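Below you will find the structure I want to go over with you.
Naming follows writing order (A, B, C and D), and every chain is counted from residue 1.
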Amino acid sequence: MADTDLQNEDRRQVCFIGLGVMGAPMAGHLATAGLQVAVYNRSRGKAEAWLRAHPGHSIVELRDARKMSTIISCVGNDQDLSDIYLGDEGLLAHLPAGALVIDHTTASADIARQLNSAAEARGIGFIDAPVSGGQQGAINGALTVMCGGQEPHFRQAQAIIEHYAKMARLLGPAGSGQLTKMANQIAIAGLIESLAESIHFATVAGLDEHAVIEVISKGAAQSWQMENRHDSMIRGDYEHGFAVDLMRKDLAICLDEARRNGAHLPVAALVDQFYGEVQQLGGGRWDTSSLLSRFSSRKD
Amino acid sequence: MADTDLQNEDRRQVCFIGLGVMGAPMAGHLATAGLQVAVYNRSRGKAEAWLRAHPGHSIVELRDARKMSTIISCVGNDQDLSDIYLGDEGLLAHLPAGALVIDHTTASADIARQLNSAAEARGIGFIDAPVSGGQQGAINGALTVMCGGQEPHFRQAQAIIEHYAKMARLLGPAGSGQLTKMANQIAIAGLIESLAESIHFATVAGLDEHAVIEVISKGAAQSWQMENRHDSMIRGDYEHGFAVDLMRKDLAICLDEARRNGAHLPVAALVDQFYGEVQQLGGGRWDTSSLLSRFSSRKD
Amino acid sequence: MADTDLQNEDRRQVCFIGLGVMGAPMAGHLATAGLQVAVYNRSRGKAEAWLRAHPGHSIVELRDARKMSTIISCVGNDQDLSDIYLGDEGLLAHLPAGALVIDHTTASADIARQLNSAAEARGIGFIDAPVSGGQQGAINGALTVMCGGQEPHFRQAQAIIEHYAKMARLLGPAGSGQLTKMANQIAIAGLIESLAESIHFATVAGLDEHAVIEVISKGAAQSWQMENRHDSMIRGDYEHGFAVDLMRKDLAICLDEARRNGAHLPVAALVDQFYGEVQQLGGGRWDTSSLLSRFSSRKD
Amino acid sequence: MADTDLQNEDRRQVCFIGLGVMGAPMAGHLATAGLQVAVYNRSRGKAEAWLRAHPGHSIVELRDARKMSTIISCVGNDQDLSDIYLGDEGLLAHLPAGALVIDHTTASADIARQLNSAAEARGIGFIDAPVSGGQQGAINGALTVMCGGQEPHFRQAQAIIEHYAKMARLLGPAGSGQLTKMANQIAIAGLIESLAESIHFATVAGLDEHAVIEVISKGAAQSWQMENRHDSMIRGDYEHGFAVDLMRKDLAICLDEARRNGAHLPVAALVDQFYGEVQQLGGGRWDTSSLLSRFSSRKD
């Protein structure tokens, strides 16, 4: 069955795998948009909770997803993806030709390329599509989606992604979405550390941190993090946002890829270690802006 | 002679010391605004050039500035300030009581406090007022001015500063302007390094750097530097902006102050060393975004 | 067949897998000591070269090693070990109960534990036994061997290891040899960087580097690296010693383990990135002391 | 009066300035050796205590030292040296031609050059001679002395220095002693951090740290610090040795000199910041090996 044989009707039925803090609202937007959504989650409780919030849709087992033509996933890591998609029992060995797989997991470029190869071998389209925008962006349907894959598959994927994204862009062949997400995390790591050092300096210098940020955010020191995180940082409130544990997972992927492609990431590597100290302080689930806690924890 | 004895008329006559790339346009805005500006520059050539551009004003010697009631300076460093203002021959030993000194030099908080003490002892007002916004901000009269000193002196200073600033704020007692400028530079140092690492990673990963930045600048990685410097960074063009030599001077001030106040600046200290490598590459006058050149210089 | 059933005679016949720059001389010491050595190397050429140097011994295929009671390996990485030992076709599924496996590969603690589990399940002894001392130590039979495993197996292993080691020590259960090797590499990374910074500083300060080292090596700055590497570092000669590529492989293992056990390694992580810059300079095979080349390469 | 006019007898009378933990035992060795020692200390109590331990010698005021022909100093920093030696009231304006000044203070190369210029202008010899070996080395008369200056003055100085040194070496013109001491401290900074990371890693890996050090100290990871400090580090005992506050003073001098001579010191700069965190933990007077406390302080 060729790609073109898949009726438009088929694309109205999708299988969404992974109902975490990101996946659940994303799948919800598809349901709200009128698509027929079959969900799967490793721990069934989350699937049931999602279904109660979106009656009229369905829960499937992975085995049942094999006959569907559109699969969307947002799971934990490379190993999860390997378990779901690869090997004799993996979905890519069973999906119909012409099917489309969109993976929103932040994972390695390597697994994206493996998934793509396995998909290509069976005439299945694959788009690696990690997102940024956090839980809030998922809930508001305002994610940024960084895609890797082939243009025709990307165009098909857009019709789905648009329900929860404010922007989606194809950045190159399979893996390019993941690589772009890595560039994103690399840019953030040292930026937050510098912001933390700046606020920490203002504190020990006896300045009013809010006044300082108000002034310096008008110029060359401005950043999204400065504008959106300074207030909670100054209050030492980190119970929100993007978790340190996830950031370290992502930075491990970045540093691993850099080991292969030869990129130099001295500050990203150092800040990754500092995040390890935040974990030690009990901050594994704190927002990434908690780099400041390394300093303030010592002030008592 | 008390402060209030100084006629408003007196404040229309100002002495501007230091006509570098920042000072010259700042003094120009005052002239344009109708103030009577007497300028002084250590190397007389710059003063003469300024006067040709602003006929009807005047050049003075430092000794002649002693009788003026409003002094504005924008010079190189602590030593320059000490030479101009302190000691038996310094201005602060001779200015009339009620005079006002506004210093726009980026310098230590320590010298600001010394100048303030010397000023206070003779009934002279002092405001340390380092700026951000760069040469372009000075030319456009759109600087951000971070002030330290007493409220009444700040109010007097505002009437002058407003001619070249889009924002001026009093952040605390003498030295607070300098400390806020330090917080600004600390926030910038690691931010630019992270941006450089991100673009460098995108390059070696084979991505289209412009496309990558277009996508990631929409979210949590966004910064003024990313929006305003990515294009020239990708092109390897650093012949503009804020010079590495000046950034190292500023970071030395930050690190020195941190040594006194106990602030921890691991990434600022590290990036300061990386800037040293840029200097070695011949980039002392390059824009601060040239941290990227440390990586790209090795790519041939 | 219980362990004690293995006759002493059996331990006189060993299979040595991996004849690289370390393995070849180690196997040679065993041959010289009168043991009967059957060698295997993935690329057969090295096995043949070894055999020419040690006539009277033999080359085997991995399949033939299945019946031997003593296996020694010194290969590249975790994957190599997994290929040789694990799975249905791996040696651990076929060796006789009571056999002993000694692995000298520098690898993860995780693979050591996996190999140990697979060995234990079949009544086979396993010792992870990474070495230090370099190629010279292997040639001179003067290696230091860091062992993990059980005491009885360690005692058996000692009888073999003693032929090429000046010291062998059991440091704990399986994996402890690898963990100790990691502690070794972590201690070296920043030590060499500091030595490089020190020599570099002496150079730009215009000092006679040899005289400086002669003086400072008498006290608290002394290290094996300073005494044994300063001369070649000052000459910029790095064509010897322990290769940067291998050091980065080892540091990746350290950083990966630290990610799991929560250790903080800021300087090791940073120096690992600096080694990446040395690789970029063409120094993948240079001695680890080539961290100095990052600075000196810029001096022209 | 030319140098040669100074009778040997004159050199048997020396003035020793600064009776801290280093200076007191150094002056004591001179007294024991039969020289006539006149001591000066800013806080007179220490001079009196020294005199009680060394009856038959004397206490002088700085003013009285002006007529002496041999001055030895071991004080706190550049400012102390400037106060004692420079200006109209400084010793160098009053000592007899042919006098010799030996300064054991760890200070900047810049002040050494200034002192040397002032000395030269009046026909006085000057040797900058910072030491290593610590309090124990001073007590045992086993210091290493790094000298800068002219050969003839160095030879004169040796006759005195030999009473408390195991090694003294002339490394170049004035300032070279200080620069060599800087190279020493630079080599130590990252070395200790790496040792701390190594021990910390061994701890969280569940290894017996003593056993680990016993093994790895046999090879390429060996250092004086590892051999002499591992035991107290493992016990968390830092109440001895060379104080963190002094190390930061020294690293500030190194980083300042590097700013001038263009040396790159990324790890020294970073470790200097980590020492700042140790100060915050209350460790300003702890031994430099207390870098480990940054990690262990978080383990409770």
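Assume a contact is a pair of C-beta atoms (placed from the backbone, for glycine too) under 8 Å apart; a residue touches a chain by one contact, two chains touch by 3 or more.
Note that this is a predicted model, so its numbers are computed, not measured.
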{"item": "Chain copies touching (subunit B, subunit D) - same or different residues, decided at half shared", "value": "same"}
{"item": "Of A-C and C-D, pair with higher C-beta contact tally", "value": "C-D"}
{"item": "Farthest chain (mean CA position) relative to subunit A", "value": "D"}
{"item": "Turning angle required so that subunit A lies on subunit D, C-alpha fit (0 to 180°, nearest 5)", "value": "180"}
{"item": "Approximate Å spacing (C-alpha centroids) for the pair subunit A, subunit D", "value": "55"}
{"item": "Length of the line joining the C-alpha centres of subunit A and subunit C, rounded to whole Å", "value": "38"}
{"item": "Contacts with two or more other chains, residues of subunit A listed in rising order", "value": "258, 262-266, 270, 274, 277, 280"}
{"item": "Residue numbers on subunit B that touch subunit A, as the complex places them", "value": "109, 132-134, 137, 144, 146, 166-167, 169, 171-172, 176, 179-180, 182-191, 193-195, 197-202, 204-208, 211-212, 214-216, 218-226, 228, 242, 254, 257-258, 261-268, 270-271, 274, 294-295"}
{"item": "Complex contact set, residues of subunit D against subunit B", "value": "248, 252, 255, 258-259, 262-266, 269-270, 272-274, 276-277, 279-280"}
